[in-house]
Structure formats: structure tokens, C-alpha cells
Amino acid sequence: MPAEEIFLNLQASFAGLVKSEAQVKGYPTWTVPAQALRPVCDRLRTKFSFDYLDMVTAVDWPASAGAVTQVAASAPAAAPTAAGRDVFELVYLISALSSGIRVCLRCEIPRKEPSIHSLYGIYMAADWQEREVYDLFGINFEGHPNLKRVLTPETQQGHPLRKDYVHVPDSYD
Amino acid sequence: MGIVLDNLPKIEALPGGSIALATSDFLINWSRNSSMWPLTFGLACCAIEMMAAYASRFDFERMGVFPRPTPRQADVMFVAGTVAKKMADPIIRIYKQMPEPKFVIAMGGCANCGGPFYDSYAVVKGVDKIIPVDVYLPGCPPRPEALMYAVIKLQEKIRKMKVKNYHGATALQETGARKLS
Amino acid sequence: MKNYLSFVAEAFVNTLKGLWVTLKVMFLPTITVQYPTEKMVPYPRFRGMLAYDAEACIACGMCVRACPSKCIALAKAAPAPVPAAVEGQPPAPAVRSGPKIEWYTIDYGRCNFCGLCEESCPTKPVKALWHSLDYEAVFSTREEMTRRWKRGDTLWGTARGSADGQFAPVADQIHIQDVPVRK
Amino acid sequence: MTTEETILTKISEPVFNHANGRLLMPEERYWPSRKWKSPWSLPAYRSGAALLAGILSGAVLAAWLIGEIPLRLAPLYSLAEQYALSYGVPLFLFHLAWTVIKAALLLAVPLVNALFAVWWERKVSAHIQSRLGPMYVGRFQGCLQTVADGLKLFLKEDIVPDCADKLVHLLAPVVVVIPAILVFAPVPFGRELIYADLDIGTVYVFAVGGVSVMGIIMAGWASGNKFSLLGGLRSAAQLVSYELPRTFAVIPIIMLAGTLNISAIAGLQAGYWGGILPRWFIFYPVVGQVAFIVFLIASVAETNRVPFDIPEAESELVAGFNTEYSGMKFALFFLSEFAYVLLSCLLMAAFFFGGGEPPLPFLGFLPSWAWFLAKTLTLMFCFLWFRWTFPRFRVDRLMDFNWKFLLPVSLLNIAAAGLLIWLIS
Amino acid sequence: MTDKTSAALKADQMFINFGPQHPSTHGVLRIALTVEGEVVVKAAPDVGYLHRGMEKLFEARTYSQALILTDRLDYISAMHNNLAYCLAVERLAGVQVPLRAEYLRVLTAELNRIASHLVFFGTFAVDMGAFTPFLYAFREREMILDLFEMLCGGRLLYSYVRVGGVSADLPAGWTEKCREFIAFFKPRLKDYDTLLSTNPIFKSRTDGVGLISAAQALSWGLSGPNLRASGPDYDVRKAEPYCVYDKLNFKVPVARTGSCWDRYYCRMLEMGQSAEIALQCLDALAAPELAPEIMTKGVPKMLKPAAGQAYAHVEASRGDLGFYAVSDGSLSPYRMHVRGPSFLNVAILQEILTGCKIADVVAILGSLDIVLGEVDR
């Protein structure tokens, strides 16, 4: 079943599901409302045999045009596309290995107390990838049984991949 | 340091003691030079080149460098790779577990001063911030021969060590250039 | 029982075959390069220690911008003062000399040996900064790792000695070949 | 010339100076695809072969010149005895002194063996892996490498961990090493070249050798390290289990020989069948070969060497029972390991390969100790060869292998030996 | 045995810190093991001992500088990292790559796969207690490293693949050397089989140990040989051919049971296939229509892709390596995420280590072939 049909099928049941304006190049990209993410993935997994979770990651789009990072400050030439949105954009790449279709799901959640449903039970691959996103972005995944820091040490202050992360020098610096 | 070495400097007072001391200095340094057992301990990219140095093409064992898995039996630690902050405490602990005299070779740019991760939030910029380093070896990663060269340089330093003014310190601490922090 | 016996026989034979492989290699020549007495000359494209030619450099700063680990720094020399025109004589023909460096430093400890600086160096016909074939370099302090060049220094520059903290020409930089390859 | 320089010139060590390197251009890199094509054309290869042949022929010549040691020593001994008697030294004192000298020589056996065997192992392993092994220490092929290692270990700091049981931690290497020295007493090194010709030699060797397990368990327990503990437990299980097939493998030999005296067993194998095939026990149909293989495998296991080195399994348990041992204590463990390797090889040479008997009748011009040594070294080479070829067993497979394969086979072999004796008689 | 006796016999549990400094953790992985005697009751892998904040550093580098960082991700197969990164950036910026450069990319990637699997072979053998295969593997690997040194000047970290092409064309004499290596290497594979693959001790330690079912492997997101050893036939080179893989003729080895031996043997077979691909590339490069040209055509030194997102993935030595790049139109990436296959491969340890022996921990860990540089990033 081509990706287009799957999209229409899903759109019938999930109202907020739309095609994103900014496509990930080469892959069909759909924007999913945050509440619908887990049901959508569940449907994809059970009905359309999307059995493989490639990637979970997030992108930080802060409200101010990102003058925080060093390089963005030095080269403010092109305005970021999502300036002023003040959201975390979560990116899920899910594929059906049997049919070779790979779709990209995006959902946006507010930057203040970010939280989203975990995909833990559906894809075990979500386990560590969500922990990584939690570690580096501080996004809370509801229903994740073991949401702890995975990469950075326990003593790490803040979440480094946020654009407004300011490094506090510690004993090793 | 053990009964022998602690009491050895005292024989200088005896007649002919200084010659005996020089002889023992030479023998001690010769044995330390000739059998330098590193810890099998790799952190990142440089560890692969370290492994290549043990392998057939370069064969570190020619110089008596024979890797030991436990720090208790090791003499020299090759800090081969990036020292992340999470790894800093284990490295300090491993260093403390090694018996004296112990030497450290910082291999590669990351262990020297952070290398390409000089502005990272998660990297200790140079292993000398946590443990004393005898020899710094540049390269990213250095060739295996360069590691051998570093060992040869370390041997040259060991050759200058003397039992007389020596209480558990390593080559550079004695000369004052090595700073403990 | 038959299966068991055949398994035992097969295992025995395979074990002997494995022993044969190692025995065979034992009597073949070794491939070890005995490093301190036999030194491998790297291939011409090898990226070894950076060598720098202070005379050829035009102090454009491309290498500084290209370096991913910010290990290069330089200062441009003040332009040579134009000789004041002496009255009664035609003004001296202006000597076309591009900008030159005042000083130039590379922190070898931090260098990535990636070759981006060499690629970005615009001087022609020879590059002012290039990776030599030299890989034997060892430092005993952090201060030594920074090399400094001024005009007139050799390709290996000067380093701060551990004894007096003054910059002095590098004595024991080993040359794999006498003339470093310039690509 | 200062004193230091004088010493330096006497015992020289390689001081690498960087001008003396020979440059190896890119096109002459050592690629095995080029080096292996016709190895005989390489000068280094030919000179190596010539060197080996030279050493071998020199050794043969030396052995021939020395001859049987007891025969040479006998006139010396009687001369010394007369001399002592003429000065009025009581005979028992003289005998005591003679015993002490012999004991000292015996004590030297494991020490010298460790110095040699470690170097040899490193060279053999290196050449199996197409590299060179120790090359510089002591100039010739790194022959002083082990001396330097031992001296360095002697001078290292001796660490006793805080959480260790201090007394047991200290005692463990002692308990390991003392049996390893004692065990050589009834083992022959040639015809009549023996410290104590015990009639129960075989039993003594296995009994005393078994005590070392205690030391290893003590080391594992006392170190206060979990890896050590696991190593100690593993070795307890392994060594106790493999004692059984090892002993059972010898029983056919004892049945055939009718004695427990090791030198007598070795002596019984003199002579040739049909003038060409030596009457060694390994050539007894089926029984001999099976007994040898079982004994060999069990001996490798008893000495904790690959593929049975699970007590110190480097990749699993860091260094097993000696994880927390540094300096000389660690060296003692090493010493005992190689002492047991030597013991196993000596026993195998005595039990299966006719001890000091030459393999072919016309080779009898060499003394018996030379043949003993040659056989022992060949078997030792097998130990090293296995060490550097095989992967390691898993601990439960190891037990399976022992209880389900080696033990039944050795028991069956005893029955087969009975059958053989009945057939012969 | 009644419940009472089994309760009485129940041993105390012991907690073992397996790593971060341990000879067989392939770097600085730490596994917190709870064991009962020799049997593992619970295993919790703990990573991050090599966390270098790579994804943050990407945001502070220009596109050409960031290439240097990708080398340090999976340092054993640096060429694949370069390739995946360049594919992502090329897709982001819409850069075309000359055909000859595509072939060179495939050629070097496959040679690097051989080198990487040789390291796997060696270290796995060391984990199993056999030292000699390690040195044999490194002996052959040195030849590949010689080739790479001749090609791009680096022995381990290459930075060879560039955005828009490769950094340099083949030097003179390289092709012959490469052919010589492949001719030498193929018989060595048989040696390895005799030495290790068919060795009864090795088989008893790996066959049937650390089983991963196909469903488990898919759900945990395994990829590469680890996934194919369990059954699913998924290879990015076949599923989504990049570069010129659709023009090349090769097979993807697939196993069924997902044991350590299967994972090991998949890699061994892959080495042979990689050698075949390399030969095909060498043949193609000799063709006159692929004459040398400028290797990076029309790519500005300071790359400035338009705002957008792109994802590109390649079949690296350890599996499906993906780069997710977000640009905001400036000189450096706005966000660069690395989908490291090792990161997902190591996560499955917590499930499959339960109930195996301590010796099996080493076998399973070795057979998954993780590289901590990629796990921790």
C-alpha cells in the first residue's frame, strides 16, 4: 500500500493529521497532533505493519530567533523557519521493512513543561531513544518506565541540546 | 614503595655506597625501561591505533611492552582517547589503583587538551586536569609508531630517575615539571 | 551414539586443522617493521605534523577560519612604512609586497590532523602551511605544544622550553625525510 | 668515566637514537602478500633458519660432550667424600650438605624454568602471530626480557587492598608456590638424575600438586574483589574435576608397568619393537594414545592455560584470581603456573615417551637427560601452541567436557588396558 | 526438588560492575550485572562514558568543519560516517555528485567495511579467549589502512568523502595495490573459518547463545548484521540504494536463528561480498567514461543550504547509520541528529543478557559489535 493511501486512511480517523509544509526531503512527512501520536503509531504498527522505528529525535525552536547559540548569533542572515513558534518539534521516522515505505511523523509540543506519550510499548527501540531525547532536551515521555539520563552524567545541569542551554562550569572545566 | 627501595638510599652512607647506589639505579631503571606493562584501557579512536601498535605490523612487545588487563599489574597508562566527564572519576580511580612507580602517556589531541571537542560541555579538556601526565603525544589519532616514540621518550625520562631522591614520585614530579592538580 | 561419535571426530579434525593454520604461519616470515631501527616513510598524502613557511604566508587567515578545533592563530604585520620621498628625486618604485605575518601559532596538542587548513591555504605556487610526513613528536608539558613562528624561523618554528619558558627553535623535531614533502 | 658510565658499557641496553633508523620507503612496505611468496629468498628468513640450525647442532654437541651427568658426578662425589673423611668431617654432615646442594639445585628448576618458559612463550606466540616478540632487552632476541620483568615486579609497590583479608592475601601466593617446588622431588630429569627416587612417586606428584588449588581459592577469596572470587570458585571446580581424568589416564600405565615409581616407569620403556619402534607407552595400541590425549588435555586444564584458563579468563574476569595482586606476589603465581607446565611435560615425557630413551636406536649417543629435555620442550611447545590457537571454554561446557567425555573415556581406557594386559599375557 | 529446598539453596545475589574499564567492553561501556553465581539475573547497560556532546558541537561548526566530527563517531568505519553525513547535507543543499566520485565512495566504504569487520573478528576472538585471530585480522587490516593512507592520508580517520564528492582521486598505483590486497585477502577468509568459525570450542560458546528473535530484533530497532542474523532481510544498500549500489551485483547474507554465531558469520560472509563489490568498483573505475575530473564540482567552500530538513542513511558496518539534518539557512547546521546503529544495538542488552552466564555476556557483547563512540556521540 503506498504511503498516500495510508495517509488518507489515517486521516479519516485522526482529525489533526496533516501533511507538513516543511517536508523531510525524500520522505513523506506528516504532522501529528501530540495526543494522537501513540494511537497513530499503534495503528501504523498493527494495521500497516510499520514494524521498525528508525529514529526519534527533537528539534528546539525557541521563541526568540535563537540568538543564544554562538553561530546563530554570528550569522543571522536567514531567519529560521520556525522563529517565534516556541516549540519542541519531535521527529519520528517509522518504516515498514516489508514494503519499504518510510514515513516521518512530526509533532510539536510547547517548550514550557514539554511532555508527550511514550512509544515504549509499541516499539522497544523507543526505550533508549526517548531517554536520549529526555536527557538532551528535557522532554518528558509519559508512560516510559525508566526515564533517566542516559548519556550525560547524573551531575549534568540542564539539558544541553536546548538552544538556550548555558553551560555551568563544573569541577573538570 | 616496599622495603627494598625505601631503605636503599641509606646505603649511601656506607663506604662504596654511592657506587652501589649508582649500580642499583642503573639496574632499577633498566628493568623499568625494559618491561613497561601498560593497562589495556582504551577510550576512543586512539585505542584502535593503540591496538594496532600491539598487532603484528608494529609489535609493541619487541620493547617489552606487554598489556595487562588489571591496573594492579600495570606500570603505564595510555590515556587513549577523549576523556568524557562521566569517565573522569573512573580514570582517577584506575590511576590510584596502579602501583608505584606509574606513568601516564596522554595519547592524541583529546587527551592532550580536548582536541576537536575543545568547546564541548561534556569533555574534560586534557587528562592532565585530573591525573599527572608524563608524556603528551599529539595526533588525531597518532600513528602506532608515534606511540612507540612516546614510550621511547618516556624510557629516556625513566633513565634519569634516581633512587636517592625518590619517594614514590614519577619521573617528572621529581624534576618539578609535573604539576599535580 | 553415531551422531555423538561423528561429532567427536569432526571436532577433533577441525581442532587439528586450526592448529595447522597457526603452525603454518609460524614458519612464514614475520611482517613486523622494527620501528626505531626501521622507519616507515608515510605515503605522500599522509597528514603529519604541520609545517609552516613564514615567508610564503600572506596572512589571509583562511586556515584560522577553516580549522575545526581553532588551533591556529596569527597576527598580521603592520605594513612596511612607505619610504618618505626624498626631494629632488623620483619617488622610489613601490615594492609590491603583500601582507606578512607578525606571528603565527599552532597548538599541536589540539590539532586534528584533518588537512582542512592545508586545503584552504591560497598561496601559490607552494602552500605556506602543509602537513609534512613527520609523525614523531612528543611533548612533556602543555606549554611546549604551542609552536610559534615569526618571519625568518625554520619550518618547525619555535617552542616554549620547559626550563626557562622562552621560545627557542625546536631542536629534536625528527625529520622522516630531510625535506618535508610539499603538496 | 663515571661509575654509571662504566656500568652502562658493561650491561648495555638499547638506547634508541633517532638518526640510526633505516627508512622504509612506501613501496617496500611489508605486505604479507609479498613477503610470503617465496620466503626462502629473504635474507632474514635464511639467516634465522641458519641460526636455529646452529643453536640446535651446538646443543647436540654440548650434550654429547657432557654425557650422562650422574656418571660424571660420581668420581667427583667420591673424591669429595674422601676429602671430607680425611679432614674428619662426620659422614652424616657430608650427606646433609650434599642433600642441601641437591635441594638448592631442585629449587632452581622452577625459577630457571619460569625465566626461560616465559621468554619462549612470548617468542613462540609472536611467531605464530607473524610478529617478532621481545627483541631488544639483552640484545639477542630479547633473551633477558623475563629477567627485566622479574626485577621490575620485585621493585614494584606491593598493594594490599583495604577490603582484603590481609593474612590470607599474603599466604595465598606462598601456598601456591611451595607445592610447585616440592612437587619436583620424585620427578626424573634423566637416567638416575633424580632428587628422591620415591616408590610412590606418581601418587606423591598428584597429591602435592593438588595443594596449589588451595592457594588459588585463597587468593580469590582474600582479594575482596568479585572477579577474583569468581576466578577462585571457577578454579576450585575446574582443578578438582580435572584431577580425576588426569589420574585415571595414568592408571593404564601403572597397570602395564606394575610400579608407581616414575623413574622406573620411564626405564621400563627402553628397547624397540622390531628394532625400530620404541617400546614407549604411547605406542601401545589404542590404550597408549587415548591415555596420552586424556592426560594432555587434563594437564592443560590443570595448569590453567587456554583453552581452560577460565580462572583468570582475561576477557571475562579481568585477571581472575590474581586481579588484586601486584608486584612479586603476582610473579609467584606466574612462576607456579610455569612450574606446573614443566611438571606436566616432564611427567608426560616419563610416562608416555620413554623418559630418557632415544626414539631411534642409533641416536643413543646422546645422554638420557638430553632426550628428556628435548621431549619435555617439544611437549611444552604443544602447550604454547594450544594456548595461542584456541578460544576459551565456557565454564559449564568445561565441566560437561570433563564429566561427560574425558572421565568416561579414561575409565573405558582402564578397562581396555586390562584387556590389553590379558591379551599380552 | 521441592520449593523448600530450592528456597534454601537459593544463593545470595551479587552485583558486578562490568566496566567501564574492562578488557572486553570494547571501550567504556558499563554493564551493571546482578548475578547468582555465574548466572546473570539482571543486566543494566550504562552508557555515556564517552559522551562528547557531538550533536551540540555540530551546531557550532560550519558544514565543512562538521565533517571532521563525524569521523569520530564510529571511528572504526569512519568512511561510512563521512558518507552518511555528506549524503544528508547533499540532500539538504541539492548538490550533485560526479559519477566517478560515487564509485570511489562505494569502493572506500566497502574497503572500510572489511577493515571494520576485521576489527570485529579480532576483538570477538579475543573476547572468546583466542588471541591469534586478533593479530591475523590486524595484519590484513594494516593493508587496508595502507591503501587508505595512500588515498587520503589518514590511517583511521579519513575525512575522505566530502560534500559534493570526494577529496582526491586515486593516486597512481593504487588500483594494483588494491587488487593485490583483495587477491591476498580472499584465501585468508578460509583461514579464519578454519581457525575460528569451525572450531568446536568456539561453536559451543556461540552457537545457540544470545538468541534474538526476528520480532525482538525489529522491535528493538537492531540493524545491520545483527538484524539480518535474526532473519529480516533488510539492508539499506538494497532497500534504498544510495550512490551506485543499484548498479552493483552483490548478495546480502541472512541467517535465521539470531545466535552469536549467526551474527558472527553474517559479518564473515559480508567481508567476502564487500571484496566482490570492491572488485566491481575497480573494474568500473577503469572504464574510460569515468575519467578523472574535479572531484567536488560546484560546491562552494562555505556551504549555505536553504532552510529545510533532510534525512539520509547508509548501511554502515554496524547497521543503518542515519543523519537527520536541519538547516536554518546559515553556515552551520541548525540541528544534526545521528541515528547511530550501535546505540540501538546496545539497548537490547538489558533484555537478552538475563539468564545467561557471565562468559556469555562477553560473547553477546562481542557479537553485537558496538562502538562506544557511536553509542555515546
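In this document, chain identifiers A, B, C, D and E correspond to the written order of the chains, with residue numbering beginning at 1 in each.
Throughout what follows, contacts are C-beta pairs under 8 Å (C-beta built on N, C-alpha and C of every residue); 3 or more make two chains touch, one makes a residue touch a chain.
Keep in mind it's a predicted model, so treat the numbers as computed, not measured.
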Worksheet item: Common contacts of chain B and chain E?
Response: A, C, D
Practice prompt. Give the fewest steps needed to get from chain A to chain B, where each step moves from one chain to a chain it touches.
Written response: 1
Fill in: Distance-maximising chain from chain A - centres being C-alpha averages
D
Discussion item. So using the touch definition from the top, which pair is joined by more C-beta contacts, D-E or C-E?
Written reply: D-E
Discussion item. As a quick test, compute the distance in whole Å between the mean CA positions of chain B and chain C.
Written reply: 24
Worksheet, complete the sentence: Averaging C-alpha coordinates per chain, one finds the centres of chain C and chain D separated by a number of Å equal to 49
Worksheet item: Which whole number of Å gives the spacing of the CA centres of chain A and chain D?
Response: 63
Worksheet item: Which residues does chain A have that touch at least 2 chains other than itself?
Response: 152-153, 160, 165
Item to complete: Specify, in ascending order, the residues of chain D that touch 2 or more different other chains.
Response: 16, 26, 29-32, 126, 128-132, 135, 314, 318, 388-390
Worksheet item: Touching two or more other chains, which residues of chain C qualify?
Response: 15, 18, 21-22, 25, 30-34, 36, 39-40, 42-44, 68-69, 112-114, 136, 174
Fill in: Touching pairs among all chains present in the structure
A-B, A-E, B-C, B-D, B-E, C-D, C-E, D-E
Discussion item. Please output the residues of chain E touching chain D within their complex, sorted ascending.
Written reply: 14-16, 22-24, 38, 125-132, 135-136, 139-140, 143, 146, 150, 180-181, 183-184, 195-196, 199, 201-202, 204-205, 357-362
Worksheet item: Can you name the residues of chain E that touch chain A in the complex?
Response: 47-48, 51, 53, 55-56, 59-62, 91-92, 216, 218-221, 232, 234, 239-240, 304, 306-313, 320, 322, 324, 326, 328-332, 334-335, 337, 339, 343-344, 346-348, 351, 376-377
Worksheet item: Taking the complex as given, what residues does chain C use to touch chain D?
Response: 8, 15, 18-19, 21-23, 25-26, 28-34, 36-44, 136, 172, 174, 176-177
Worksheet item: What part of chain D is in contact with chain C in the complex they form?
Response: 14, 16, 18, 20-26, 29-32, 35-36, 39, 42, 44-45, 124, 126-132, 135, 385-386, 388-390, 405
Worksheet item: In the complex formed with chain D, which residues of chain B make contact?
Response: 1-2, 4-5, 18-19, 22-23, 25-28, 30-35, 55-57, 59, 61-64, 66, 68-70, 72-73, 75, 97, 99-101, 152, 168
